[in-house]
Amino acid sequence: MDSSSVSKELVDKLAPIEVREGDYDRTGVHLDLALEPEKIRQAAELLLEAGCFLENLTAVDHVSHREMVYHFNEYSQPFRIVIRANLGPEDEIESIQDLCPAADWQERECFEMLGVKFTGHSDLRRLLLPEDADFFPLRKDFVNPPEAQAPEYHQETDDH
Amino acid sequence: MTSDEKLVRSVEPVVRLAVLEDILSVPRASSLMVMVFGLACCAMELMAAGAAKFDYMRFGGVPRGTPRQSDLMIVAGTISRKMAPAVITLWEQMAAPKWVIAMGNCAISGGPFAYDGQYAIVNGADEIIPVDVYIPGCPPRPEGVIQGFLTLQDKITGGQKNNVLRRFDRVGGQKRGFLQRIKRIS
Amino acid sequence: MTINITSQELERRISGGLTEQTFWLNMGPQHPATHGVLRVLLHLDGERVVEAEPVIGYIHRGHERMGETRPYAQFYPNTSRMDYIGAMTYNHGYCAAVEKMASIEVPARAEYIRVISSELNRIGSHLLWLGAYLMDLGAFTPFLYIWDDREAINDILNKVTGSRLTYSYNRFGGVHMDVDDEFMAGCRAFIKRMRKRLKTYDRLITGNIIFQKRAKDVGLISPEQARQFGLSGPCLRASGVEYDIRKKEPYSVYSEFDFDIPVGRQGDTYDRYLVRIAEMEQSLRIIEQALGKMPDGAYINDKVPRDLAPDPGEIYFTFESPRGEVGIFIVSDGTRIPYRMHWKTPSYTNLSILAETVRGVLVADVVAIMGSFDLVIPEIDR
Amino acid sequence: MSPPPTDPNFFVNFWNQASYYIGPELWVSLVGLLAIIGFVTINALALIYGELKIAGHIQRRPAMMEVGWHGFLQPVMDAVKLLVKELTTPTGANRFLFIIAPGVVFLPVLVAFIVIPFSETLVVRDINLGLLLIFSFSALNVVGILIAGWASHNKYSLIGAMRSVSQNVAYEIPILLSAMAVVMMTNSLNLNEIIRAQDKVWFIIYQPLAAIIFLIASTAETNRTPFDIPEADGELVAGFHTEFSGMRFALFFLAEYSNMFIVAALFAVLFLGGWRGPVLPGLIWFLLKVYLVVFVVIVARWTFPRTRFDQLMTFSWKILIPFALFNLVFTGLIIKLVG
């Protein structure tokens, strides 16, 4: 894949809010695109078709809003593209799970840690925390867990 | 009845035959079957303690996969909130008499992961199950594991001098002959 | 005992024969094959897997939150606990990432020492995988053989780091202790010993007919599948994709060494075995070259401030751990505490393909496939 | 009601009369059975010790060292400890079957020992159908395993039991076929007769193929690595005995090691000339041969990985059985031509 053509195509089709030629030596990123949240799915589709793989998917809590960060890379030659989007107050973004199975767990993790809701995700449950957890530990306003005591002893169960 | 009392009551035997128990404590101490159960980093050093160079099998520790057939659970690593019910279940599934060693700082007190705002772990194994021996370290070295193993044996027999069969002196680290062992008792 | 069965029911039972049904088998969180506290729910039809679902998080300790509540240097010991089998590579990677953020110069000698220690650690990790994998296949003895070699590595590293497992040897700007001639001689002796031992393992394992029958054509992963799931490390390379961070995006001084990226042909568990064995040989090559080229000079840059406060900005740094590509995403707001820290670990992605791979195989193969991924559970759960 | 006996010789008479009716054979059998129980226990303890020691030395470590001289008392301590350990029964288990299962596994083993000729004279019951008796009783073993797996109310146990049954069914056949070749040569099912027939040459020379098939199949029959799929500690935790604790678990262990002794003894009888040998008494020769075979089986266990379930089945049905059949036909042909 010709990386410059892909980046050109991305910029042309998606009309990003901001394009930054990434400072690879300092940030480890070749191309940095800030997009509208609605265009993330389209961008992911383009990148995956071009032969990239989803390297990382996470969010950053900026207190006022949450920012989604996707890192794409490719195997044949290093070309790391970041696409990012600022989420609205309802913290919702379209899921890319069906495009790329790698996003499945990462979206679940992002949901449970930061409370970002992925619309269209087939199975948005807790991944790392117990299934009944109701807090988002990586949010900046998270202070202490709701129950800090050890679990109760329970009768012998027959749970094989 | 608090949960602690309930727990103690379920472990204590109804009738205690003192002399017989003392005699039986020697086989119990010398044949501790260890449950294969690793949680985190400490599991590696536990494996190392079972492998060629250190080898706790010398002292009678045999690894078993199922809790029903094991006497000793070594809690090697951090117990997370999600894992805690499983740890309790495993402990309950073990057949009495049973012992627990808390290996490493995480299993003792939460170790490096206990801090203000921690949401994921249980601060120490003794919050959920009774612990007999604590082995500090992050992770403890295999030598430490074996020391803890021997300490537990001594605890079961009620002191090193009662453990007549073992030929290894825990304190001095020396081999003792049969005559020396007899002398120590008398 | 009374038999309370209606005549219709009886008739149904007789005419319909025995009913068949599938069932769920819960593997873990305590199970000999899960190497820790992974739990896999298997939906079985007899012994064949209809569906599998890994359940993770049993050793989630909140590393990311810890990273966001303490200074850069204080988080450093956590990296050893994240992947305790490849602790040195994690130490190395984290230090390199922070150094890149804060533009810290690292002396050449320190980089060479880091490479040697990381590669030793990589060999140790692959050895442990070898033993654990064969234990999953039912052969217990290789597990004790590899501990022999691991102890040899531990002895070498123990002398300079003072630790057997969670080394924390690197510092921002170098390593915390210089290596001496004894270390170099130890490494050379180890290379010699390890080459012989690799031949022994080859004789013991590779040609064994039972092993080949168990490993070949099991757990196939195509390169396209691997790309979709974002695999990395030996699991990816076994599928024939030549992707190694040490070559593609060389960090530290990896660009100065001559080594190959071993790749597999079809991506089954046997290829993963071969790739890891070949990687051990390549690591030995790297160590040998590094020992030969080791420059003199400082082993740590002592101008590094105690309290780092990198300029505002973010970094995505990748390095090659024994299990694959690790991505560290750090956002700095100019203070001494990272604003956001995210770890993308290789076992996490490698495990996510398990459900896809084990569909339709036997229970015994689930264990073999899971073992071939070289999973370290705390690294998945973080 | 009859008056109490006044005759001082009543008991002697009673003894004589009883002996007359029951025959002295019963007493011989009873004493023999007691001796067998003692032997089975000691043999199992010795084998456990031997197995762990051999495994230890294969694995570059000394294994048990501290309990008694070179850990000599370790198996005894293990046994005593298991005796006084709690017997747990899981909720949901079928209590009755769960309790009898270890007995069902263990008792047939005792019966099989009755006909094993430790030397020319040292055999509890020298019956004509000795070989048949051993085969039929060791086949009962699998019933016990099935009961154990089913009654445990544990899916791992159940899978282990299912595997065990299909494995045992598949491997009984090559065992019987390979033993049949020897029987055809001797015209007898009596173990002593078979040994006597080997006065010049051991049958392993005449029947190498049958010997190999017998050894492989009997390793599978006793559920040992590389064929230990019913236990498969990497996959099924501990297989069919996952839920058994204390003495019940110990009985499975005793049965496993005794079974190992039985198949090794059969191998020695069928192919290695049993108690035959120069200078030393027959008993010593017999035990030497048996423990040699046991040693081979132990070394195999600590060397090989485990086979997969379907491969195991394929191996029996598609390789062992055809070869055993061929061997049988070939043997018959030779006997017809030569004799």
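All chains are identified by letter, namely A, B, C and D, in their written order; residue positions are counted from 1 within each chain.
FYI, a residue touches a chain if its C-beta (ideal position, glycine included) is under 8 Å from a C-beta of that chain, and two chains touch if they have at least 3 such contacts.
Because the structure is predicted, anything quoted here is derived from the model rather than measured.
Q: Which one of the chains is closest to the middle, using the mean of its C-alpha atoms?
A: Given all protein C-alpha atoms shown, the central chain works out to be C.
Q: What's the chain with its C-alpha centre farthest out from subunit D?
A: The most remote chain is A.
Q: Between subunit A and subunit B, what's the gap in Å when you average each chain's C-alpha atoms?
A: 43
Q: Between subunit A and subunit C, tell me the centre distance in angstrom, where each centre is the average of that chain's C-alpha atoms.
A: Spacing between the chain centres: roughly 23 Å.
Q: Distance between subunit B and subunit D based on Cα centroids, please, to the nearest Å.
A: 36
Q: Quick check: what residues of subunit C touch more than one other chain, meaning two or more?
A: Where subunit C meets two or more other chains at a single residue, that happens at 26, 32, 57, 60, 62, 65, 144-145, 148, 381.
Q: Can you tell me which residues of subunit A touch two or more of the remaining chains?
A: Touching at least two other chains: 128-130, 137, 156, 159-160.
Q: Enumerate the residues of subunit B that touch no fewer than two other chains.
A: Touching at least two other chains: 51-52, 65, 82, 93, 117-120.
Q: Sort out for me which residues of subunit B touch subunit C in the complex.
A: Its residues touching subunit C are 35-41, 43-45, 47-48, 51-53, 65, 67, 77-78, 80, 82-83, 86, 90, 112-113, 115, 117-121, 138-139, 141.
Q: Quick one: which bits of subunit D touch subunit B in the complex? Just the residue numbers, please.
A: The touching residues are 52, 56, 59-68, 71, 73-74, 76-78, 80-81, 84-88, 233, 237-238, 241-246, 249.
Q: What residues on subunit A touch subunit C, complex-wise?
A: Touching subunit C: residues 25-29, 51, 53-56, 58, 60-61, 69, 71, 75, 77-78, 80, 82, 100-102, 104-106, 113, 126-130, 137-138, 159-160 of subunit A.
Q: How about subunit C: which of its residues touch subunit D in the complex?
A: Touch residues, subunit C against subunit D: 23, 25-26, 31-33, 47, 134-141, 144-145, 148, 208, 210-211, 213-214, 362-367.
Q: Applying the document's contact rule, which stretches of subunit C touch subunit A when the two form their complex?
A: Touch residues, subunit C against subunit A: 26, 56-57, 60, 62, 64-65, 68, 100-101, 103, 227-230, 236, 241-243, 248-249, 313-318, 325, 327, 329, 331, 339-340, 342, 344, 348-349, 352-353, 356, 381-382.
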